[in-house]
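The same chain A turns up in both complexes below, where it pairs with chain B and then with chain C.
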Partner chain A sequence: MKEYNFAYLDEQTKRMIRRAILKGLAIPGYQVPFASREMPMPYGWGTGGVQVSAAVLTPDDTLKVIDQGADDTTNAVSIRRFFQRTAGVDVTEKTGEASVIQTRHRIPEQALREGQIIVYQVPIPEPLRFLEPSEVETRKMHALEDYGLMHVKLYEDISQHGDIATAYAYPVKVEGRYVMDPSPIPKFDNPKLDMAAIQLFGAGREQRIYALPPYTKVVSLDFDDYPFQPTKADHACALCGSTTSYLDELITDDAGGRMFICSDTDYCATRVEDAA
Partner chain B sequence: MTPLLQVENLAKYYGARIGCTDVSFDLYPGEVMGIVGESGSGKSTLLNCLAGHLKPDHGAVRFATRSDGLRDTVTMSEPERRMLGRTDWAFVHQHARDGLRMNVSAGGNVGERLMAVNARHYGDIRDQAIDWLGRVEITQDRIDDRPTAFSGGMQQRLQIARNLVTGPRLVFMDEPTGGLDVSVQARLLDLLRGLVRDMGLSAIIVTHDLAVVRLLADRLMVMKDGHVVETGLTDQVLDDPQHGYTQLLVSSVLQV
Partner chain C sequence: MYVAVKGGERAIDNAHAWLAEERRGDLAVPELTVAQIREQMALAVNRVMAEGSLYDPDLAALAIKQARGDLIEAIFLIRAYRTTLPRFGASLPVDTGAMACDRRVSATFKDAPGGQVLGPTFDYTHRLLDFKLAADGEAGQVAEAAPLHGPTPHIMGFLDRENLIQPEPAGETTPPDLTREPLELPASRALRLQALTRADEGFTLGMAYSTQRGYARNHAFVAELRIGAVAVEMEIPELGFSIEIGEITLTECETVNQFQGSKTQPPQFTRGYGLVFGMTERKAISMALVDRALRWAELGEDNLGAPAQDEEFVLYHCDNIQATGFLEHIKLPHYVDFQSELELIRKLRRDAQQMQEAAE
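Coming up: the complex of A and B.
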């Protein structure tokens, strides 16, 4: 396709984004401001993730896009097609074969390996946002490691619900320094943030990029007497029978019928194939 | 005895106008000092400079830190000053909503300072919150209510509990009884006096209510147009005012 530069963005923009990514990798968990561009999609549909993906894609890459774990939902399909058309890269649904994975709110079940890049779409990068509305103040709090407020939120959870009720976008501390919002992934995925692949987070509307280099120490915040617990629905997948994967609940009729299936479609399909 | 707080030639200007100037005093442990004066006399500016909320244009504010003695809080680094702000210092605002997190429960409000100094045990934090709510006469069953559900007097008491939970040594109060009706004021003053005496706190109270300083303060500083016009023991200043402005101030109070 000749109408667009490779991967839609012009080279100067990609250069600017790559600089932000490198800075983010150098200071794990720190939110780097960047000049987010208008993308041909609405805010909230992954404009940050798409810009980060565009900046890291090379013609030799193989791209996988998932939306809540699935390869075949609207958001995933349209972003995948966007890069097929503007970058002409190979695409795949296999987690193991992809070199760049753009994800909306899930980490694939299959462990990622060195050399892979996972790009998260982030709606609100600031973990302190709903506690402290002022950006000036939150930046100061990050700079001074003034994170008492984060625990106030967890305290409120326990006092109201008897347990830490935060189930997604569960705050983490990176390398004992920055408190980071891991994007709205379920807290089930939090332990996986300690991984071999490079993790990049892009927030388009909020104009922030942050990153985790491979093998970065990521700790979920908790209390001594209420330790962090990853949770999932207490069922086995109705299709592949997995008891260890994160499950989606599907309503199947209007008589209370429901089934639980893996949210990671590639993982589930591979297991079904292997069993057959 | 070494002073807890030593202020030397403190001045703050707003452009060409004077906020406060030439302020010097020593505050000793366990002492309560009142600052009185009319609106615009520089009381609040002075208090905010002392508490590190405003940066004074010159002068020094030395605080006796636990580890290395007298340190100038003006030239101290921001993290150190913030650390003082949530351990050894407390600041009670005139309007409780400025000092409280209105969308966080009473227990969370009291626990915030504990969590800011790395308390990480929910049970302990909650026990301390319950203890402190009791001390300021808020019943235990209100611990999970938000301050929005509290009356003005209760909010103010909650603000005091939230500030004193980390056992500060110096409390700054900006019109702590402003906007409360008289009977609530009296109860609050009684409570404050008890806490100050029991904990051996030092305090600096800014107010325009002479009754408040009469009850709480050992010493008094009278300000006008950014200058300190008179200082002395509270009873001495109030019963035998020397400066013209102080005489006016004392005589303006209705004797009931």
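Coming up: the complex of A and C.
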């Protein structure tokens, strides 16, 4: 596709995005405003992630795109095709073979290694947004490290429900400074945020980029007497038998029959192949 | 064994093929041409140009055809195309005083230099379905008057001369570009106007209407509404002077609003302003009302907590491409998030039940 620049965005725009990424890496967990562009897919469908991926991709990269852990969900297919068309990069479904992984709502089961980049699509980058709707106010709260509201919310959850009632997009504290939204990954994935790969978060509509350099200390918020607990369905995968991976629940008949399978399709398929 | 939803690629291809077929509709009916849409659906084309922020009637008409008449989808196509265009420079500010007006009305003065021109308006038509149009859409010959020559002075200028209206001195700095820099608050008026001119017509209308009904009311008179062609000029560095590079149609609305004064200032009228691509009257008037409501701080008014006064609320929610994308994304898969919620609610219910049983 010659009508557009490599990876769609023009070089000036990529430079602007790379600067935001570098700033984000220098201040882990801080939300860097950037001049998000209209992309040929709708806002809310991964435009932030797509812009970040476009800015970091080189012709030698191998790209993997997942949505809900799966390579073959429709929006993952659409984004993968977009980069095949505009960047001509190699694509893969293998987590280990990818140099750049764009994801929506999951972190792969296989641990990422140094040299890899994982790009998260972020709908609402502001962890305090549903406690304080004003952006002017929340930016002030981050600047002053004023996170009392978040702790009160978690406390009220416990007093009302006996547990912290957040199951995904569970807030974390980065290097003891910024409270950050890890994007709507299930809290099961939160412990993996401490990793060897570079993690980049792109929110297109909200015009924010933030980042975690490798081996950044990321702590899920909790209380001493109510420690953070990553949870998953208490089953084994019906296909590969894994008891440690995150599971999707499927409804198999109209009598309420259930089946649980891995949400990470590459992880599951690899295990099935290895067993065969 | 049940296999999880597979075959995303094939489903997408088939969906697109079906969409193309539906777009064309019944093959027995002649296909619409882009020129037909441009000429006969001109107000739809204007809205797509205005909210798409790209003045190109042919591309807007093409977008409407491709979008099957879904105007927000068409606006989206134009926006996505627009971002890929190189910027080779900026025009000089257009001079709406020199507009060749097709329409120019004032609600504040019965007559003024330049006169009142109704132009091609739906106003005063009786909204009765014209069944004749179903069979025969030809328009008869229309009488033409000689065009007015020379500039048409702004009616606000007459109030300005008497110092009856709050002055609006020219700014020193070049305003920021909303499409090149992230929106940061508080925004300048220039930035707010940029956002409003491409804001969703329905949203802007609703906001403006709310001010009329008492949510931050500031009674607005339409001092002037004008629609017509203006020249776009650009300075060419090699030449050292500006040349005309084209002509665009604009709608401009200036409102005179309730006067206000303070201990140091005698009472004065205040202003609201709307300027939109194409013939987009409803949008331009709405924009002027919302602009005026957002100026409360600068004019020393009280914040009444009205939605139209809240810059952050208006600017963050007025863009229909952002809004529709985020709204519609909730139909994407959320299996993973939902699964985590399922587990949480099962656990909370289990805990609650155990507590209850223990209490009994």
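Basically, the second predicted complex is superposed on the first by the 276 of 276 C-alpha atoms of A that agree within 3 Å, B and C clash if a C-alpha of one lies under 4 Å from a C-alpha of the other, contacts with A are read in each partner's own complex, and residues count from 1 in each chain.
Note that contacts are C-beta pairs under 8 Å (C-beta built on N, C-alpha and C of every residue); 3 or more make two chains touch, one makes a residue touch a chain.
Because the structure is a prediction, the values reported are computed rather than measured.
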**Request:** Pick one for A:Tyr226: touches chain B only (first), chain C only (second), both, or neither.
**Result:** first
**Item:** First (chain B), second (chain C), both or neither touched by A:Ala276
**Value:** neither
**Complete:** Winner on chain A touched-residue count between chain B and chain C: chain C
**Request:** Once the structures are superposed on A, label A:Thr74 by its partner contacts, choosing first (chain B), second (chain C), both or neither.
**Result:** second
**Prompt:** Does the superposition put A:Ala255 against chain B (first), chain C (second), both, or neither?
**Reply:** neither
**Message:** Looking at A:Gly162, would you say it contacts chain B, chain C, both, or neither? Reply first, second, both or neither.
**Reply:** second
**Request:** Please work out whether A:Asp146 is in contact with chain B alone, chain C alone, both, or neither, and reply first, second, both or neither.
**Result:** first
**Request:** Return the residues of chain A at which the contacts from chain B and from chain C coincide.
**Result:** none
**Prompt:** chain C touches which residues of chain A in the complex?
**Reply:** 4, 8, 10, 33-40, 42-45, 47, 67-70, 72-78, 104-106, 123, 134-136, 161-163, 165, 167-169, 184-188, 205, 207, 231-233, 238, 246-250, 252, 259, 261, 263, 265
**Item:** Complex interface listing, chain C residues touching chain A
**Value:** 1-2, 4-9, 11-12, 76, 79-80, 82-84, 86, 179-186, 312, 316, 321-322, 324-329, 332-337, 339-344, 347-348, 351-352, 355
**Fill in**
Residue positions on chain B within touch of chain A in the complex are 78-79, 82, 86, 101, 104-105, 107-108, 111-113, 115-117, 120-123, 125-126, 143-144
**Request:** Report the residues of chain A in contact with chain B in the complex, numbered from low to high.
**Result:** 131, 144-146, 148-149, 151-152, 155-156, 158-160, 223-226
